[in-house]
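Quick heads-up: structures coming right below.
Next come two complexes built around chain A: one with chain B, the other with chain C.
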Partner chain A sequence: MTLLKCKELTKKYGNHTALSGINLQIESGHIIGLLGPNGSGKTTLIKMITGVLAPTSGTVCINDKPVGPESKSQISYLPDHTYLNPSMRVRDIMDFFEDFYEDFDSMRAYDMLAKLQINPNCKLKTLSKGTQEKVQLILVMSRRAKLYILDEPIARVDPAARDYILDTILSNYDETASILISTHLISDIENILDEVIFIQNGILHTHAGVDDLRQKEHKSIDTIFREVFKC
Partner chain B sequence: MPWNLNSDRPIFIQIIEKIQMDIISGLYHPGDKLPSVRDLAQEASVNPNTMQKALSELERTGLVYSQRTSGRFITEDTVMIDNLKSELAREIITQFLDNMEKLGIEKEEAISLISEISKGDGHDTVKM
Partner chain C sequence: MLKKLLKYEWKSVSRILLPLNLGIVLLTIIGCVILSTDIFDSEQALPLALLLFLFYTLSVITFTGITLIYIYVHFYKNLFTAEGYLFHTLPVTRTQLFHSKLFVGSFWCSINSLLTVLSAAALGFAAGFHAAAVDNIDSMQGLLMDGSIAKTADRTSADFIFSEIFGFSPVVFVIVLVLMLVTSCISSVLMGYLSILLGQLIEKFRLAASIGFYMAIYIVTQVLASIVMIVPNLHLFLDNSDESSKYFLSSFFCSMLPAAIITQLILILIFYAASIFLIRRSVNLE
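Now for the complex of A and B:
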């Protein structure tokens, strides 16, 4: 089933074209890597899918419906910057999410907090950057959404926690949901991906299955990325 | 512990090889039940879809069969497992001979080296 469909999606910031003519289709039940160098348009694409930005032209549909309150209730989004109040306690943020999202599973969230030894009584600002990032990821992954969009979810956490987070992503997503992950840490995540999307200068470069790419090029996705985007 | 998978080759092929190896080496016995796709995927740290693809492929070759409600099992056909074993042995030996050839060592020489070393008194191995 088609979960996400972008048609001739374009975004201009003044004279600068950030994304141009993106045609993209994402099916449910997949884990997709959104890859591209800095400034290639990954976050712009994500923001239009989540309804944070309006496209200059073109359309985005989620489950055949345009972006709106309904689509937002089906998408669990981890932005590249935090929007949580740093003075709130982790426990209060959990309540906040519980109130906000019908599909939030607080049992699951507390379970993950415990596994990562994060004290729910701590204020967010007293936690390290990496731990704050873990809290946000836990919040986002504890929703039973149809589409998870994670913008740079593992950049600031240590490699051991990274493994735990990837494990969390794998064990928590159900087969009817899809996950779109944007990251530069390709080698860390490429084994959990089904598909990759390469974006270059605002244009869709490649959208293919990872094993198909590996079979064709006899190289890892990380190596292919380095070759395609060689500076 | 995640499986030792290499990113240069398709993951599902490496999963197939790993499970084949586990069957040949006796980690899984004929008729054993395999863990669920989800559990296996988590153990290997791979996408469940990739694991599913690998298992379907193993099923297609007959090494694994599925029973509608109760899961996937290792074949009870020991002849098939033995065939796979000798097939794999052949592959490894062919590869070995190719590597020897790259070193400039002819087949006969390689064979006599093998028998020398496998006799146990191979001085070459001790020197290390």
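Now for the complex of A and C:
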């Protein structure tokens, strides 16, 4: 079943084209790596799928519905930066998510907080940056969404935390849901991916199954990435 | 969903604006207490009185300014900075987001304006009451206490005197004044929101562009409002006859206050329609 469909998706900033004519289809039940060097257009694509950026041309559909409240209720999005009000308590943010997202599982969220020894009564600004990232990930992964979009979820945390984050992602998503993970730390996530999307200079370079690509090239995804995006 | 948005908006804004507006109440109570004492009865107390008056005026202006600026900043921060990634990915429409902010922002702005007017009135009342007590004017104290006891020498009721000065009976005047304050608050809040939304149309320096748009809209509306309010009253300024000067103030209030309300209502309609058009159009978070 097609979960996400992008048709001729283009984004221009003045004369600069950030993303050009992206045609993409994502089926449910897959973990997809959105890979590309810095500035290749990964975040721009994600922002247009989640509706925080308007495309210059082209369309995005989630379950055949254009971007809007309905599509947003099906996407659980983790941006590449802190986006919560730092003066809010963790508990208040949990309540906020529970109120707005019908699919938010607060039991699961509190369980994860307890495992990480994060006090729900703490204000976000009193937590370290890494812990704030973990709180955001807990919020996102505690939803039973159809599509999880994670923008650089492991880029700003230490290797030990990376393992925890990847474990959290794998153990919390529904088998029928899909996960789109944007990163340039390929070796860390290669083993969990079903598909990869390579984006280069705003153009879709490759969209293929991980196993197919490995067999075809006889190389790891990390090696293929390094060859494709060699400076 | 609008209900939920309103709940969180209320909670978030009240955290700052409730203490701020309680500050005006506190300042008023302190002012009333000071004015009901004999502290200003001697001539030597004049510098102190001026200093306290200045302090009060500056404080109220600051509280009012901070309230409006906070409402604008809150709107901008929630929708167009990092927090926008949370609010624009909620399963709500952009118009619902806008309305939740407009309702709560306008409410707090109106409360702030009403408190400011009430504060000035309370201080005026306290000063008048104390002065009447010092000069032993019973009728004046009675008038200030219940507003109806006093009768002047020509047996004109206090209501009638009020109408002669302000052009309306006290009750109607209060209603018209409240209406004017509320409409001007809604229009001020909308003007800020519209400027921020217009700023988002620019590729770079969006905040600076928003401030620029705000200044431009402010100047244009002030010029238009002045024309709308002064032109119909021009004959009052030009007519020097005794009869005319007798009714100058009441005629001025009679035509100016409704004209101000109508002008604000027209501005509200224009600002609201433009804001809704812009917020529905598209969002491009940086």
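Please note the rule applied: the second predicted complex is superposed on the first by the 231 of 231 C-alpha atoms of A that agree within 3 Å, B and C clash if a C-alpha of one lies under 4 Å from a C-alpha of the other, contacts with A are read in each partner's own complex, and residues count from 1 in each chain.
Everything below uses one rule, namely that a contact is a pair of C-beta atoms (placed from the backbone, for glycine too) under 8 Å apart; a residue touches a chain by one contact, two chains touch by 3 or more.
Model, not experiment: these values are computed from the prediction.
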First (chain B), second (chain C), both or neither touched by A:201: neither
Touching partner for A:68 - first (chain B), second (chain C), both, neither: second
Which of chain B and chain C A:106 touches, first, second, both or neither: neither
Partner chain(s) touched by A:56 [first = chain B, second = chain C, both, neither]: neither
Which of chain B and chain C A:47 touches, first, second, both or neither: second
Touched partner set for A:29, first chain B, second chain C, both or neither: first
First (chain B), second (chain C), both or neither touched by A:79: second
First (chain B), second (chain C), both or neither touched by A:17: neither
Chain B partner contacts - residues on chain A that touch it in the complex: 29-31, 163, 166-167, 170-171, 175, 187, 190-194, 210-212, 214-215, 218-223
Contact set on chain C toward chain A in their complex: 1, 4, 7-8, 12, 82-86, 88-93, 203, 282-285
Residues of chain B that touch chain A when the two form their complex: 2, 5-13, 38, 41-42, 45-50, 53
Parts of chain A lying in touch with chain C, wherever the complex brings them together: 13-14, 47, 50-54, 68-70, 72-73, 75, 77, 79, 81-85, 96, 99-101
